[in-house]
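Shared chain: subunit A. Partners: subunit B in the first complex, subunit C in the second.
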Partner chain A sequence: MTATYIARSSAIASRVLAGETMVMSVLDSTFFTLNEVASAIWRAADGITPLHEIVARDVCHEFEVPIDEALADAREFVRELSAHGILQISDQPILPTVPTIGTP
Partner chain B sequence: MSALTPILEAVAPAASETRVVEIGGVPIALCTSSSRFARMVEERYSGFVTRNEIGPGTIQFDIDLLDSAARAFNENDEKYENLQDDDLEVTFESGLWRMCRGDFSAEWDPTTRHGTIRQAMNPYSLDSVLRIVHTLVLARGGEFLVHAASAIRNGRAFLFAGASGAGKTTISRLAPADATLLTDEISYVRKNATGYDAHGTPFAGELARLGAHCSAPLAALYLLRQGPENKIDEIDPALATQALLRNILFFARDAALVQSVFEGAYEFVQRVPVRQLTFRKDASVWELLV
Partner chain C sequence: MSLLHEMNERALAHGVPLSVHIDVTYRCNERCGHCYLDHDDHGEMTTAEIKSILDQLAAAGTFFLTFSGGEVFLRRDFLELVAYARQLLFNVKVKTNAVMIREREAQELRRLGVEQVQISLYSHRPEVHDAITRFPGSLAKSVRAIRFLKAQDIKVTIANVLMKDNFADYKGTQELAHELGVHYTLDPTVTPKMDGDRSVLGLRVAGESLPTVFRDESLVGDVAAYCAPPPAPGDDIMDGYPCSAGHTSCYITPYAEVFPCVQFPIVCGNLRQQTFEEIWRNAPQFHEVRSIRARDLTTCSGCGHVGTCSRCPGLAYMEGDMRGPSTADCEKSFYRTGIPSENMRRRGLTAPPPAGLVQIGSLPA
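Here is the complex of A and B:
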C-alpha cells in the first residue's frame, strides 16, 4: 500500500475554539469546522507522518475506533479538504512551506 | 480683452467643493467641482457630513464625474437599485486598491490616503465605494461592517445579523421609542478599550431611514430567526464564527486581508456574546433586549 502524506496548506487561516478547529481558505473563503477527530488529523498533518500512522496513533488510540473504519473516514476527509486547497496530499513526504497564521 | 474673458472662464478649473462624510469615526473627504454632487452628498449622508475641511488622517477622494453626470438623478430610476456586487472587482496592485463595477471605478492609495472615484451623479455608486473603503480600512484591525441592524438601548448596543429576509428591518421597525436605531441594514463595529462599539451608519435597508450618528458599547450580537415565540438560545462558538463571517462585508480578493477578517471574527466571538434570537413579528421581542 502506498503511503499518503498530508500537510496543511499555507493559504489558510485556522483557530481552535471550544475544542473545534475552524479552518478557512484565504483563496475562496471556504469555511470548515473540524470536530475532535478531524482536528486530531489536522494537527498531525505535518507532511512527514503517513496518514495511516496518524490515524492509528491519534484517532484509533484516542477515540477507540477500528483502524479500517477510521482510515476510510480519514481518506474521505483529507480528499474533501484537499479539493478546497486547504490540505495538500502526496504519496511522498511534503516539505514544510510558509507557516500559516493562527494555531492549528 | 473683454472678448477673451468668457474663454478664460470656460477653461479655468472650477472651484472644488469638499464634503467630509464621517462614519464610525473614519472621515472620508469627497472633493468635487460639481455643486450639485456636493448637495447630493449632503442630502444622502445627512447627519454624517461633519465638516467641510480635510483634517489630518482624513481619507480623500477626488470625484471624477462621468459624462452621464449631466443626467439628473431620478429617484424613481431603478437602474442603480438593481446593481449587484457580483461583478465587483476589488484588487490591490502596485500599492493601490482598485475598485471596479459597471457603474463606477475607483483607486485608492492607503499610504497617502488619497484616491479618485469615477462615477455618474447617483448616490448608489458612491455608497458602494464608501462601504468598500471602510471595509478595507477596518479589516486589518479586526473591525468590520456587517449585514446587521443595530440599535442602542439603555446605553448598550445590540446587533441583529442575518441575510435578506431574516428580519433586520422588521426588528428595527418594532423597536420601542427608547431605542436609538443605528441602522437597519449595515452595522459598523469598532474596537474600544475593553470590547467593541457599534456605530450608526447612513447605510439603510428597506426602512429607508439613516441611522443615528452615535455609538455605544456592544452588548451582544443576535443571529435572527423568525418563529412562533421569542427566545434567545446559545449557539456553538464555531457556528457563531461562521455565521459572523458569512455576514461580514468584505469584497477584496486579498489573502492577507481575508486572514485579518477571519482573525477579527474569531476574536469578536470570544469577547462578545453571540446568540440565536428567535422572534415573532411583534414588539414583544424587545422585552428580551434590555
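Here is the complex of A and C:
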C-alpha cells in the first residue's frame, strides 16, 4: 500500500476554540470547524508522518475506533479538505512552508 | 446558524477575544479631514513589543486580526509583522490607504496569506478624493494599488466614509469598485476624535439625505426588510449584549493601550505594564462593559428600535454615558424606518434636530 502524507496548507488561518479547530482558507474564505477526531488528524498533519500512522496513533488509540473504519473516514476527511486547498496530500513526504519575508 | 456565528457564540461563552484590531501606528501620509486620530508619534510600539502581543493574542484564542492605523505601510517592519502574524496562523486583514502598495508589496501580501485588504476611497473623482485626503494624486495611487492586489487575486474591499463632501459621489465610487472587481462598503459614521474633539462631526451627511442611501437596493439588499418597522423586542434581545466590543473583540493602540473597540476610547489597561490576559480578564472597564444588557440601557431599553438599531456603545460613551443613546444611531434608525427613537420622543422631537445641532452632544431635555 502506498503511504499518504498530509500537510496543512500555508494559505490557512487556524485556531483552537473550546476543543474545536477553526480553519479558514485565506484564498477563498471558506470556513471549517473540525471536531476532536478531525482536529487530531489536522494537528498531526506535518507532511512527514504517513496518514495511517497518524490514524493509528492519534485516532484509534485516543478514540478507540477500529483502524479500518478510522482510516476510511480519515481518507474521506483529507480528500474534502484537500479539495478546498487547505490540506496538501502526496504520496511523498511534504516539506513545510512557513511565511517569512522575502523567501518565496 | 452559520459556522462563523456559532464560533462567535462559542467565543462569547468562553470569554475568548476572537477578533482584535491593532493599530500599529497613528502616523499617516494622508490628512483626511474626518480622521479621528492624532498623527504624531507619541512612542509607538517596537517590533518586538508587537510580536510579543501577537504571541499573547494567539494564546488567548484570537483568530481574526486586523492591522490598521494610521497608514500601516509607514512602518518599515510592517510586512515583518504580517509574516509573524501569519506564522501564528491568524486570519489577517489589512486596512490601508494603499498609496504605498506597489507590485512587490501586493506580491508579499499574497504570499504571506493576507485574507483581505480594505482600502479607504472617498470618491471616483480625484478632485473630491484628493481634497478629502489632502494628498494630491492619492486616488490614482490607491487605484493603482487595487489593480496590483487584484492581479495577485487578493480580496479587496473599498471602504467609503459618506460625508457631505462626497455624498454626490457614492454611486460613482460604487461603480469604480464594480469596474475594479472589488467589494464596496459605505458607512455614514463620522466619529469624534480620540481626544473628544467633536468638530469633525460637522462633516456628517445631513440626516435628511440618509434615506437615499438606506433605500438603495445595491447597498442594503432587500429595502423593504431593511427599512421595515422594528419587531417588538423579546427577552432574547433585552438580555442580549449591545455589540461584540469587550465581549469577543477589542482594540489595541500603537501605544499598547487596550480599548473595547476602536470607537470606544476607554483605556482598560496598557500592555507595557500588564499582560493581555490580565487586562482582558481583570480590567474593571471590561467588566463594566460586559455587564451591560439591552435592558440596562437608560433610554434605549424603552425604544422600539433596541433590537435593530446600530447603536454604538462607544459613540454613546463619547456622548457621556456608555449606557445611553448614541444620537447618530438614533438618527439612522429614524431615517431608515421613519419611526422616531425613544431618545427623540423624550426630547419632544418627531424628527432629529438639524444635522448641525446633532453633532454637538446631548440636547437639553
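Convention: the second predicted complex is superposed on the first by the 98 of 104 C-alpha atoms of A that agree within 3 Å, B and C clash if a C-alpha of one lies under 4 Å from a C-alpha of the other, contacts with A are read in each partner's own complex, and residues count from 1 in each chain.
The working rule: a residue touches a chain if its C-beta (ideal position, glycine included) is under 8 Å from a C-beta of that chain, and two chains touch if they have at least 3 such contacts.
Here the structure is a predicted model, which means the values were calculated and not measured.
Colleague: State whether A:Ile94 touches subunit B only (first), subunit C only (second), both chains, or neither.
Modeller: neither
Colleague: Of subunit B and subunit C, which one contacts the greater number of residues in subunit A?
Modeller: C
Colleague: Who does A:Ala56 touch here: subunit B (first), subunit C (second), both, or neither?
Modeller: neither
Colleague: Is A:Ile48 contacted by the first partner subunit B, the second partner subunit C, both or neither?
Modeller: Touch status of A:Ile48: no partner.
Colleague: In the superposed arrangement, what residues of subunit A touch both subunit B and subunit C?
Modeller: 11, 13, 15, 17-18, 20, 22, 24, 26-27, 29, 31, 33, 101-102
Colleague: Report the residues of subunit C in contact with subunit A in the complex, numbered from low to high.
Modeller: By the definition above, subunit C touches subunit A via 3-4, 6-7, 10-11, 13-14, 16, 18, 58, 61-63, 79-80, 83, 86-87, 89-92, 108, 111-116, 153, 155.
Colleague: Spell out the part of subunit A that touches subunit B in their complex, as residue ranges.
Modeller: So the residues of subunit A in touch with subunit B come to 11, 13, 15, 17-18, 20, 22, 24, 26-27, 29, 31, 33, 101-102.
Colleague: List the residues on subunit A that touch subunit C in their complex, please.
Modeller: 10-18, 20, 22, 24, 26-27, 29, 31-33, 98-102, 104
Colleague: Which residues of subunit B touch subunit A in their complex?
Modeller: These residues of subunit B touch subunit A: 236-239, 241-242, 245, 255-256, 258-259, 262-263, 266, 269-270.
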